[in-house]
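Note that the chains are named A, B, C and D in the order they appear, and that numbering of residues resets to 1 at the start of each chain.
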Amino acid sequence: MASFLLNRLIQSVILLALVSVIGFAVLHLAPGGPLSQFALIPGMTQEQLAHIAHEMGLDRPLPLQYWEWVSRLVTGDWGHSYRDNQPVLAIISGRLPATFELMLTAIALAVLLGVTVGVLGAVRRGSIFDSLATVGAMVALSIPTFWFGLIVIYIFAVKLGWLPAGSRSTVGDGSFSDYFRHLIAPAVVLALVEVAIWSRYMRGAMLDVISQDFIRTARAKGLSEKSVMLRHAFRNALLPMIELAGLELPTLLGGALVTETVFTWPGMGRLFLDSLGYRDYPVVMGILMVSAVLVLIGSLFADILSAAADPRIRL
Amino acid sequence: MGAPEIATAVLDVRNLSVAFATHTGPVAAVHDVSFTVAPGETLALVGESGSGKSVTSLAVMRLTPPAPRTRLDGQALFRSRDGTVRDLLAVPERAMRALRGNEIAMIFQEPMTSLNPVQRVGDQIAEAVMTHRPVGRREALDRAEHLLARVGISDARRRLAAFPHHLSGGMRQRVMIAMALACDPALLIADEPTTALDVTVQAQILELLQDLQRETGMAIVFITHNLGVVAEIADRVMVMYAGRIVEQGEVGPVMRAPLMPYTQGLLRAVPTLTVSDGFVPLTSIPGTVPSPTALPPGCAFEPRCPYALPGLCDATTPPLDDAFDGQQVRCLRWDAVAALEARP
Amino acid sequence: MNDDRHTTCTASAGGPSRRRLLALGASAGALAWLGPQAGWMAQALAATPPAKPTGQVVIGLSQEPTVFHPLLVHIEVDEAVYFNLFSALWRVDPKGNFVPDLVSEIPTVENGGFSADGLHWRIKLKPGVKWHDGTPFTAEDVKYNIELIQNPKFLAGRKAGHELVRDITVVSPTELTWRMDKPYAPYPAILSWTFFVPKHIFEKEADPNKPAFVNKPVGTGPFTWVERIPGDHITLAAYPAYHGGGPYLERLVIKYVPDLTVLYTQFQTGDIDYIGLQGITPDHYEEAKALADRVVTPVPQAFIENIGLNLGKPVFKDLAVREALYWAMDKKSIIEQIYYGLPTPTESYLPMQSWAYNPDLPKQSYDPEKAKKILDDAGWKPGSDGIREKNGVRLEFTNSTTAGNHVREQAQQLLQQNWAEIGAKMTISNLPPAVMWGDYWMMSKFDSAMVGIDFMVGPDPDATDFFASKSIGAKGGGGQNTCQYESPEVDACLAEGASTVDQAKRKAAYLKMQQLTRQDLPYLPIFQYAMVQGVKSKLQGFAPDVSVQENCYNANTWYWA
Amino acid sequence: MSSATVAAAVLPNRRLAGTSPRSRAWGRFKRHRLAMFGSGVILVLVFAVIFGPMILPFDPLHIDLRHRFAPPPGNGHLFGTDQLGRDLLVRLLMAGRISLTIGFMAMVVSTLIGTSVGVTAGYYGGLVGTVLMRIVDAVLCFPSVFLLLALAAFIKPSILTITLIIAATGWMEVARVVQAQIKALRHRDFILAAEMLGASGRYVMTRELLPNAAGPIIVAATLTVARAILAEAYVSFLGYGIQAPTASWGNMLNNAQQYLNSAPWLAIFPGLMITLAVTSFNFIGDGLRDALDARMDLT
């Protein structure tokens, strides 16, 4: 276990280093820069822009900028936003709760619904339900999330007026029901793709398990079909799902970005888009690093949980 | 359902046919198979893969995919402990479940995969007990320990907590047997229980099964493709080819003087343990078992048969003929073949 | 999604530009635009404000205010917060008059506020004004702020005007004097949006560019800082000890909704009480007008929509090309169809509300035949593919603007079709904002650009930055003359206008200059912007002002009926 | 967006019989109803986007402001007109050319990159393989939308650049699939035999390994088309896509967004086209996966 953790830690550090180099290079080598937002201020002169660039350290060689950024990063100083001068870490951690709220709700929905649909589809393989679920999942995977979001807003907020059109809460309300009402639409939209993924995976895993010999053994024992499915098939089919939860994290984060944009949800995804628009490099880099860390932690957790749930795996 | 007379047999299978639905229409995997097995008796079901022997056993257990994907015809009469006789193919699923693992038990070929990998073996055995007996988990585990000891696993108490992957192949098969014995079944169907095991372990398992049969008087249907094993364990033998019985009889006559060219072929493919007869060349039967979707006309074995007579064997489907001593054979030319075989 | 109109339609993303004085201390401002709202204004004024601050107003903005240090370099949207959190020496009312804020009286030559040559200033402050933390506001604070702006290490948003201030002397806690290095006419207007930060807090800051102050800004404005939920909203609360009128609202919430459609939807559903900044998109205007209990009004803005032609490119060096393109532009369709008739066609770079606006410029009309003739006469002959060329230069160019501005993109496509008819090939090449407004724009690397620019220095018609030959960035200049327009006559007009304090002389200079730019066409003017703003009709005290984009400048006087 | 690949990975097995592996695969594919549906739709789409604009009496670029926002079906405009009075159907078809082209081209590029990386990493293993696969892991650590946008935000959008950035963010899964496949094949007897006979690394990789990994590559490639079409839509929707007046399904949606209330058809049709095309490719990928999976020959 200890050597596993150490190994993973080393791997993670290498991965993060790669992530940071790739991200930094992509951002800084591209044209345009954070100064363009100031360029149009009347009276802004080239001298003043150069002065600002110097103050921001943008005029130094790129490897040097990278080195300085990294060496501060490891001490916990992620730099300050070019926009509001707040520490990057504080900005991101301010946005994380909203993103987590959305993601966790969506994943909970996806796991509950997806697992149920997947199990039922596998148990009743070839039934009308199974066919519908299969086609439904494929279509759900193919619908552009933002488009689905727009349609949901159009129907439920604009036409029917049942749900708010966006945001996380009504300012000054703060009641649970208010938060809940705001959460429904974005969580459902974000969950759509995940439900599809989970149901497909779950169905596949169930079918894999059902075709295995020990299921026949269980049946030969005289267990009812329900016990066979729940006690033997389902438990075993859940094991690969733990891995899936880890693997799906990047997809979920990406989906959250789009969903947050459509629903003006004040989370990390929208911060990313905003920061990208302003070329707020420290924040953009911070978000890339945080999401990479989240992804790594996710897969680490998935591995540990898998080991805990599956006696065959020893770390 | 009336109680048909099945004499002393535990299981009397009559005209069993099994067909699977495919997108090209139903495909018959088993044709018109009949056999009986009496208490304390061991019936060997022999054939290559795809011959229908496993499907036959699964059909008796009603473990084939449910209708409409599978169509079962015929009868499988089973005598319960309480003396009632029921047709396994016709009883409701619930009643069938009460029999499975209780009065009829089954063990499988792959002990590696036939156990739930994430459940402790004790629990898996106890589950079989608890399914059919009104006992709590503690009692069931006690019984599991007892069963493990009985199938020759030392330190049974500790092994209860083991996961399947902690055990060797032979140990796992013992666990499977223990599980099958959980409710003292009257009939044990063993589907190639030793195929996946080392030769030495094979022998141990066979011995164990024989011991257990002596103790409990259960009937065993032993499915195998290995005629060497048949000679060791079976009382009677039934050879299947392409879903049909092609030869059956007492193990002695069949093994000594098989009438069906197919059985002969199978026997030649078995390395003999006795070298006194001198060198017997080891040969295999050319070709493979035909797919049930593409059976040749006439005798299904005709394309592979060294004695096939064009115009006869590829035209007429042979019936199952009574030969001598209750031996039955499905061959149009069995007497001719017997004569040819008898020549030195 | 991430709307960027602050840098696109509003080329002047800059803070100081937001309060556009219509007249410098004069009443010459043309106020015709106030007409349609007169009835509503009267109704608004009929109710009386509550005795103590009650209720809240949610202001919806499509950009997020993020810089809470009013002197630091910042963008326009940040000022929505400044007006309510901070105070300046004086303000400008919707009629264009200066009204006292922190001063006890507006300095004039008559009251000794400044000398006749405009060089010596004397400022008298209101007594008893306190910062939100209870510390008294004094003349030392004013001195500190101007000196901070002058500090070369400080990343000031705007130094113009302030750089000329010398010898600041604090006479008493409520009085100070200074001297100007040279007369600078726009300075009073600049001071009207120079918001002050507290000296006693900043003295303790290690780095004035990265002050801790911004986490909990302290000002002298009508509202105090409560909290900021980044990416979502900022909450301000009433400051009972405010030195001016009000505030009557208990809370002011500035909400950030980055998508204009969603913003409108939230206004529709009632989540948002007021839409400012970019307002309601023109296509929703008709629909919005029909909403119950809402007042939806187009408000003229100082931004002029143009096609900027880079005169550094060979194809645009020929005046005939610029003229022909102008005649071939179907302005009417752009305005009436694409912009739903909201903006006003213009020939000038100044808004028509400005005192310096020239109403007598020649009128453009859509006349492709005339355009073709001009090109024929100038020797631009159609090639085999129908594209004209002359001396090996093809009449072919790209047109750029910020990617993602849909309405403008429609206008671009119409122009593309217009110009194709006269044998000019325009290719649309829109860029992400950070690329568009970087070197591509500043160093004149574009062919032509579709931009909305506020050419004034805040409320002042001085457009030196955009038209003076010394302001060409690509030629080492310091300004934004990105069309690389060089005209000695224009340079002379600009110099005259900035250095004299004589209103009549200034006006004459600017009128002439508008004639010159109309004639030379470095920019093809299209229209003056109008923003559609929406507000709930129960909100009282609300007064639209042409010179601001989000009309929360007077939120201290708002209240619910 | 990895989801498409994922879903298809677990589709129902079908078993059938046939003769040669190829005809058996084709037989399986033909029996996969969804895959046949998908193929049909894509054929019709390709046909329509190529010939449709030639047949329809409208110029996809001609602006007619008098007929803005004509709701469908009106004035001969089956799908109505857009914000500049252009026929929506003909624009949808022209947009289809762009979107499908980007989808195919991005597939080709990312399959090339992914296959090269995968084959190299799978064949050499060791340090080279580890380094390559670590890079794959690192890129996969970014949610692909993040990376896509980070790239798109800085690049002047054109069909080529959009294709390249989509390919740049979409090759990793192909690489993983191929690497796994190659690694599994690497120690098979026939490869060892080839090596013992003195075949060069390149020869073994291209002549022996690659053909044997073709199945998974084809499947991954098909799903990459689906993903690329979606990716184009995302990039365009977020404002970093294809330039006007050229239409793509993504930028049509992007432009339609603000007319969701007043002219919802402008958003509905492109969204449906994207969904239809992407679903079809996913179906095809799914069918191919079943068809090319040799394991399914076994009963």
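In this text, contacts are C-beta pairs under 8 Å (C-beta built on N, C-alpha and C of every residue); 3 or more make two chains touch, one makes a residue touch a chain.
Composition by chain, UniProt nomenclature: A, D = ABC transporter permease; B = ABC transporter ATP-binding protein; C = Peptide ABC transporter substrate-binding protein.
Because the structure is predicted, anything quoted here is derived from the model rather than measured.
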> Expressed in steps between touching chains, what is the minimal separation of subunit A (ABC transporter permease) and subunit D (ABC transporter permease)?
Replying inline: 1
> Out of C-D and A-C, which chain pair has the most contact pairs?
Replying inline: A-C
> Central chain, going by Cα centroids?
Replying inline: A
>> Just the number, please: Cα centre separation of subunit B and subunit D (ABC transporter permease) in whole Å.
In response: 51
> Where the CA atoms of subunit C average out and where those of subunit D (ABC transporter permease) average out, how many Å apart are those spots?
Replying inline: 46
> Measuring from the mean C-alpha position of subunit A (ABC transporter permease) to the mean C-alpha position of subunit C, what distance in angstrom results?
Replying inline: 39
> Using the average of all C-alpha atoms in each chain as its centre, how far is it in Å between subunit B and subunit C?
Replying inline: 91
> For subunit A (ABC transporter permease), what residues touch not just one other chain but two or more?
Replying inline: 31-32, 153, 158, 261, 273, 276-277
> What are the residue numbers in subunit B that touch two or more other chains?
Replying inline: none
> Can you list the residues of subunit D (ABC transporter permease) that touch 2 or more other chains?
Replying inline: 153-154, 237-238, 257, 260-261
> In the complex of these two chains, what residues of subunit A (ABC transporter permease) are touching subunit D (ABC transporter permease)?
Replying inline: 11, 14-15, 18-19, 22-23, 26-27, 30-32, 125-126, 130, 134-135, 137-139, 141-144, 146-147, 150-151, 153-154, 158, 193, 196-197, 200-201, 203-205, 207, 250-255, 257-258, 261, 272-273, 276-277, 284, 287-288, 291-292, 295-296
> In their complex, what parts of subunit C are in touch with subunit A (ABC transporter permease)?
Replying inline: 1-2, 4, 7, 10-17, 56, 58, 64, 66-68, 72-73, 75, 152-153, 155, 157-160, 209-211, 214-215, 229-233, 235, 251, 253, 255-259, 262, 265-266, 268-269, 271, 432-442, 454, 456-458, 465, 473, 476-480
> Which residues, counting only subunit B, touch subunit A (ABC transporter permease) once they are in their complex?
Replying inline: 61, 63, 97-102, 105-106, 108, 110, 113-119, 127-128, 131-132, 163, 165, 176, 179-180, 182
>> Looking at the complex, which residues from subunit A (ABC transporter permease) come into contact with subunit C?
In response: 31-49, 51-52, 55, 80-81, 83-86, 91, 94-95, 98, 153, 157-158, 161, 164-168, 170-172, 261-264, 266-267, 270-271, 273-274, 276-279
> Hey, which residues of subunit D (ABC transporter permease) end up touching subunit C in the complex?
Replying inline: 61-63, 65, 68, 83-84, 152-154, 156-157, 237-240, 243-245, 254-255, 257-262
